[in-house]
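The following pair of complexes shares a single chain, chain A, combined with chain B in the former and chain C in the latter.
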Partner chain A sequence: MVRHQCACKILQPTNTSPDTIAGGGCFDAEETGRKTIGGCMKDSGEDRCSGKGRCGNCGGKTAGTFGPCVLSQLSQSGVEMKGWTESKFLLSCNKNPLCWVTELHHPGEGGKTAGGNSANTTKSAKPAPQKKDNSSVAASERKGGDRQTDKDRKKDVPHPRMQFDDENRVEKAKKRSVVKQAEARNRVELFRHLPQYEHGARLTDLESKFFQLGPVHPAVYKVGFRYLTGDISGGNARCIAMLQAFQESIKDYSTPPEKTLIRDLTSKINCYVSFLIECRPLSISMGNAIRFLKRRITSLPLNLSESEAITSLVSDIDRFINEKIILADNVIVKHAVTKIRDGDVLLTYASSSAVEMLLLHAHELGKRFRVVIVDSRPKLEGKMLLRRLVGKGISCTYTHINAVSYVMHEVTRVFLGASSVLANGTVYSRVGTACVAMVAHQFRVPVLICCEAYKFHERVQLDSICCNELGDAEMVSRVTGREDINSLDGWTSSENLQPLNLLYDATPSDYVSMIITDYGMIPPTSVPVIVREYGREYLLI
Partner chain B sequence: MWHRSASFILDKQEQQRNDAAESRPISPASIAMKENPSANVSMYYQTRAEHHGVVTSDWLAQAQTAVAGNSDDDVAQSNGSGGEEMDKMFSVVDEFNNWRKQPDLAEAVAAIRALASAIRSSQAKTMMELEIELKKASDSLKSWDATSISLTAGCDLFMRYVTRTSALDREDFGSAKSRLLERAEKFGEISYKARRIIAMLSQDFIFDGCTILVHGFSRVVLEALRTAVENKKVFRVLCTEGRPDRSGLRVSNELAKLDVPVKLLIDSAVAYSMDEVDMVLVGADGVVESGGIINMMGTYQIALVAKAMNKPMYVAAESYKFARLYPLDQKDMVPALRPIDFGVPIPSKVEVETSARDYTPPQYLTLLFTDLGVLSPSVVSDELIQLYL
Partner chain C sequence: MPDVHSLVNEFVIKLKKRQIEGSKTTAKLTAELLRSFISQLRLPHSNQAGALIDAVKEVGEKLITAKPVELAVGNVVRRVLHIIREEDLSITNAAVGGLNLASESDDDDGNDEYDHPVLSASAVAAAARNALRPPSLQTLLDDIPHAAATPHTSSSGDDSEGKSKSADSLRRKLKHDVIEAVNELIQEISTCHEQIAEQAVEHIHHNEVILTLGSSQTVKEFLLAAKEKNRSFRVFVAEGAPRYQGHAFAKELASRGLQTTVITDSAVFAMISHVNMVIVGAHAVMANGGVIAPVGLNMVALAAKRHAVPFVVLSGVHKLCPLYPHNPEVLLNELKSPSELLDFGEFSDCLDFGSGSGSPLIHVVNPAFDYVPPDLVSLFITDTGGHNPSYIYRLIADFYSPDDLVVQRKSAS
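Here is the complex of A and B:
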């Protein structure tokens, strides 16, 4: 066991009993339950502890976040704790998933607040690395005995999103960001933790920066641009576009000298991902796809040549898109079509690709039904769906969400799409879906959600506030095509007026009758079963 | 026709006008030979009525004419077809019907025994061939009676077992075949054991002095009550009449033999007596993916009343009844019709609701007693996913 001393020299572990503390480095299976201390910054070129360091054993980079119970565990094991504050880190090495390094931090280091978010501050220092990566997010429950499994599990859980109401972190993120954004004015207090930027300025800014954005591949840049302008919208479309852009960039990839393919490619992907996040926050389906891609990269055998690795990754992405999105949609349509009978009145909200495919297929099969499309401002996505359905000869009714309780009495089935389904059966979908589902439930109309399995997530959300996305507030005040409606003009100057344009909401599972996935028709309570049984499969294939 | 909105009535009238304009192309001769001869009546419920219901003279007369009709059809069919294939498939259905006639045998067990006999009589030389033949036999069984859920579920289960065994293709054909046969035999035992397990599990819920409401003739429920009597529990049973099968009369007979105080209710008296009931215990024809059950007509009504009065509702069902169906409402299932005898002639203009079963959604059920344990309704989907995916 090698012992390291932190450059801040605070740590002088006095207890060297081998069963509680080892000095810095990897441990493998039989050493689970030990904490290691070390992770010195000495050779990294930085002259103070910043919570990042290198693994004492293998030299891999560490990522930091902390857990307060580490403190208690350490104090129990007799390490001297004088002068320490709550800001302690439990780090682990990225390179070797079994590396655990505990670096104990100088109390003078400012700005650290409780919770896993401190990792974000340090992480923002490098825009890419471990935003989505999961090497040891130390949560409060840290049991010595099953640290291995905890760690593996934590590897799967994506990092919580950055909270935008802390000034320090926002400042640091801004310094490193590629896209310069001005924060929107008149922000709603309740939603301060979500990012919101002035819409118009970003586009021109990005355009001017086009030739300076070295690290970002042009395909990714193009996709990011399209997200910004709202050209691509809808979970599946965004995911496919992003994956295809990544495919392009991987095809053009070549390993720089003195770097390994796996690590370099991973950091490149991280870089692209953070660029895309700045254009538009990721949807949950995109997050799952990125996790899949990263898993595939890290699980590449080391002896593969570069071209083989690249072809393997490219075909993996193709397979993911094909199996998890396109074929999955076919299976969903096949199942859902059995639930449409002749004489049905089907209601759908906004525009979902899965529901559209389903309606077109049912029409092709010759079923006689009519469709009620409920739409809402400011996006008015239902209009395009209406156009396409009427073009195929389906009789449609189009109405605004204000009238949903008026039309619901003649509806026999409600088909909705989802951006994601969470572990407790909550459906996270376009804002307004919860309203429609609630009214349908009240009228005892069955609500069927069509959602591919790759969009499932093990997160639990109880309301629509803690995690959401804010759109352009300007769209609330303006109505396209009606220039005469201008009573909200000049809202930016009024302090008391704070327009809010939410994009998603959470529908409780009680309102949902069944979820139709490519694994069949399941009740909403079975979503965690699918995640549990097939989580490995649909991420690792 | 009487849907909720005016627009629908107009649509429907237009449709009827269109239909009247066309000629009817279907003729009886073109009906597929494999189809159930009495197409409007569910064989499953007929059989159950035969086993458990009280036979009235009217019904007997109907049954005799139906049987006579059957034999006519049989003759026609065997004359019409000559292929060996048809004979084989036909024999599976025959076997099944034979097995089914035994009152104590569960539907799914009968199906599996029929499939086992199909294996025995098959001439296949390889596993793939056997699998294909079995699939055909299973499909024909399922289409023979599309309304029986435990039949479908039993066939599916066995097919799943077959595909899983055939995946381990390392041994020779003969031993694989005999293993399948063994498994089929074992299934009967498993089914019987399942009833014992469920009876044991339900003992914890039957306490001294309780009043149980029972609906429909379920052998599992009877087994549970018999075991309770053996354990010297003191309880009484309220039993619904269960028209049109009048299965309740049979249940009360059985319980009276066990010296359990039984009170017979007409179906409409359930709400009236629900106050004095401590729990409702029913069996199930099928347990669907949402966790709800499909059972004899009247179960949904009782579940609604029980929920309104806060009485627990327990379902006793074996695990082979779990089916991959997911009805959204009462009409979302394959209709299963039964002739209802009112005792007096009904004018032909009057429609009669002849459906034999209804669907009880999971929110009205408290617990399911199965051979896998005491489950809550949402676990059914968990089990189904593990079994079938």
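Here is the complex of A and C:
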């Protein structure tokens, strides 16, 4: 069967059924100024395709060079086209709403459209900009079975992420963004490929836009706002908040006329996700959760009524939160508590929800141990952890990350949390974790990472620069609570001075002794195994 | 004398109250204090070097115990002692050389007076015994009778006019030489930054990325000297919690035209893969090549070792301490106030003593220094040039004498 690739090269053609050909392209209407629908100029009276037009979806002009008229293209390339008719311009490719797909049908099929499968988010596609892309599997086509064919496996290669030094993409993204972001002044050159925006203006901008954000559900808006202010932070908290906001929006959802539930809901979710990204880039756990949600949506049987579909989705989300996050944490704590003995001195860095649960549980079990909390700027999350632990009666030592070599000689175990564990065993976590793990390794202290399995990802990363998140530079220049330290006031005026606020770093796998997950206690080398064996399972539930 | 004593006491109080910061300043002030002390000292006729050494040791002990963690004080005291011994030795050698000539011409001219002081053989022998000599069995045995020998020298020293005049001028000469040498020491301490900065252009080339932590005067001069020679490079400055001196440092570098990025200390491991060289200053350098450095530098050194980035330590020679460190993290460290980390008001409810056990639930640890072992240091750049950490013990012999390692006044035997 003939397959054409979309000109923007994002959409891989689908093989929904052997009788359809899918093809498409983007257009640039600027040059001709002609108004045509979709790709084929035949509508406007031309009998030959000239490759210009407007988007079939929204009517906006598009950019691209691929010739639109598939029929004429195919006949020009010599493919036998007799008997094929062109159907309407049905679908957007959902990767780029300005890109479209035409479906052609062999009349033998009776004009049945291929349903919503071909352009749905089997790739968990989100509209650009996206920082992290998830791998794509045409899951809807696979009718069960654990083995993947070669073709499917090739599609599993994760798409490259949006790189912010690519001018074209950035321009496109800016046009579509809901929140207007001002580029940060004094950008660090090394991080040109990551978004660096000024944080100050976004809050007020977002506030003022509240009543204009039609497509965004108020629950999602609220969550996005809380991300922006830093109210919610931490992988699990952010993920749960996001999923609950989506739950709310799904409960309030009703299908507009002439649209199918699956497709419309998916596009709505995409819209919310892009809004959340603009508030704060997604963490890897959130990306996995979104992928799960989209897969559940697309695998909804077509014969369900709307209310049934909604309740099914809502219960799926509940199940995900319960099984993958809450119960997983309990299992992790149960495993990890066996690693704590009486008389231990445990070290932890910043604040991780899993480690906190572990320490509280061990204390409840009556184990006698001391905790050393290492904290660092600019977030100083360790202070909150210190308060909570001392409130429960655990004796703690508090210090800052520079002094970690001083305290490490009396530490027996190091427990760290993670934002994600990548396929090469690298632990992607709060900045400073790598330093703590390195010093622990130097002093031969075992390092244990507590991480739920839904945070694993098949991406790989070698250093902390190629993928990271940059926070507000003001937080580096200003020291909260120490008003006497104000040398960096007015740093924006100096063009040679740039404060840099990295939020994450990558700990190499040789510093990590063991990872404690809800699937058990594994060495860092076993992470890709878990992703492969259990990845399909949990995403499809 | 009371003048000098009050000066000494004032200095001791300032040290105890930590009003003097920075090893260079401390070293300079110590040297100046010792210089005024020596110049006002009245020395006995004989065994001047011994008396001088004892007096300096007495003052030195007071200064060292005032602030033991400030190793520069002890370094300067030991340098001065070494200077005294050396000057004494050189005078003795000169005198011996003079004696040989004198003995020849004695036969010729009898009682002619000579321009240069002439010593009797016994005086020379006595002086030679007092002078700096490597410890050996002979010196140990000689020490006991030498105390008896000195009165003889002094009593037999009244035979000729030249003898007493020579003793006077000899005494003056020692003090004079010592003070001159101490002046040179002060000069050396003052100009150590320039000497080190001169070597900057050999080590920093174009398009380098340099990492440093906190703030150091030596590093600043080093980097600016390279900038003067039109080398363009970038600097990452880690802020150096909890004093955050990195902020002011970065601002100053940026105002001089260097591309500076301020990062938090936790981001050091993340950034070090993109760094060409780590350049830091030190608080003190120990005899085994280990470094007492501002807190956080051990972490940086480990990260640099992991990524094979050279870790360069800049230090003036006055920071070189002849002691070998034993458990330096504890013994050579200072713990500062927890208020720099935790606000007392915020945590006032938790700082209470825990229920039942009677011991506080929160401990706050805030060390001021870190020990960097010598295998993590790639290079030391001092005013005498660049050295490997394994060479430092050899440099010690140039500047210090082995007798002075323990600065304690020997009780009068």
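Note that the second predicted complex is superposed on the first by the 382 of 541 C-alpha atoms of A that agree within 3 Å, B and C clash if a C-alpha of one lies under 4 Å from a C-alpha of the other, contacts with A are read in each partner's own complex, and residues count from 1 in each chain.
The rule we apply is simple: a residue touches a chain if its C-beta (ideal position, glycine included) is under 8 Å from a C-beta of that chain, and two chains touch if they have at least 3 such contacts.
The structure presented is a predicted model; accordingly, all values stated were derived computationally and were not measured.
Asks: Put the two structures on top of each other at chain A: do chain B and chain C fit, or clash?
Replies: Superposition check on chain A shows chain B and chain C fit without a clash.
Asks: Return first, second, both or neither, reflecting whether A:Gly366 touches chain B, chain C, both chains, or no partner chain.
Replies: neither
Asks: Between chain B (first) and chain C (second), which, if any, makes contact with A:Pro523: first, second, both or neither?
Replies: First partner only, chain B.
Asks: Who does A:Ser513 touch here: chain B (first), chain C (second), both, or neither?
Replies: Once the two structures are laid over each other on A, A:Ser513 reaches chain B alone.
Asks: Identify which of chain B and chain C touches the larger number of residues of chain A.
Replies: C
Asks: Quick check for you: in the superposed arrangement, does A:Pro446 touch first (chain B), second (chain C), both or neither?
Replies: first
Asks: With both complexes superposed on chain A, which partner does A:Pro301 reach: first (chain B), second (chain C), both or neither?
Replies: In the superposition, A:Pro301 touches no partner, neither chain B nor chain C.
Asks: How many Å separate the nearest C-alpha atoms of chain B and chain C in the overlaid structures?
Replies: 11
Asks: Please identify the positions on chain A that touch both chain B and chain C, taking each partner from its own complex.
Replies: Residues 409 of chain A touch both chain B and chain C.
Asks: In the complex of these two chains, what residues of chain B are touching chain A?
Replies: It is residues 3-5, 7-8, 11-12, 15, 289-291, 324, 326, 328-329, 332, 362, 378, 381-382, 385-386, 388-389 of chain B that touch chain A.
Asks: Would you mind writing out the residues of chain A in touch with chain B in their complex?
Replies: Result: residues 339, 343, 345, 368, 409-410, 413, 446, 448, 513-514, 519-523, 525-526, 529-530, 533-534 of chain A touch chain B.
Asks: Which of the residues in chain C end up touching chain A in this complex?
Replies: Chain C reaches chain A through residues 239-242, 244, 247-248, 250-251, 253-255, 257-271, 273-274, 295-296, 298-299, 302-303, 306, 329, 333, 340-343, 346-347, 350, 354-355, 359-367, 370.
Asks: Quick one: in the complex, what on chain A touches chain C?
Replies: 188, 190, 375-378, 383, 386-387, 390-391, 393-407, 409, 430-432, 434-435, 438-439, 442, 463-465, 468, 476-477, 479, 481-482, 485, 487-488, 491, 494, 496-502, 505-506
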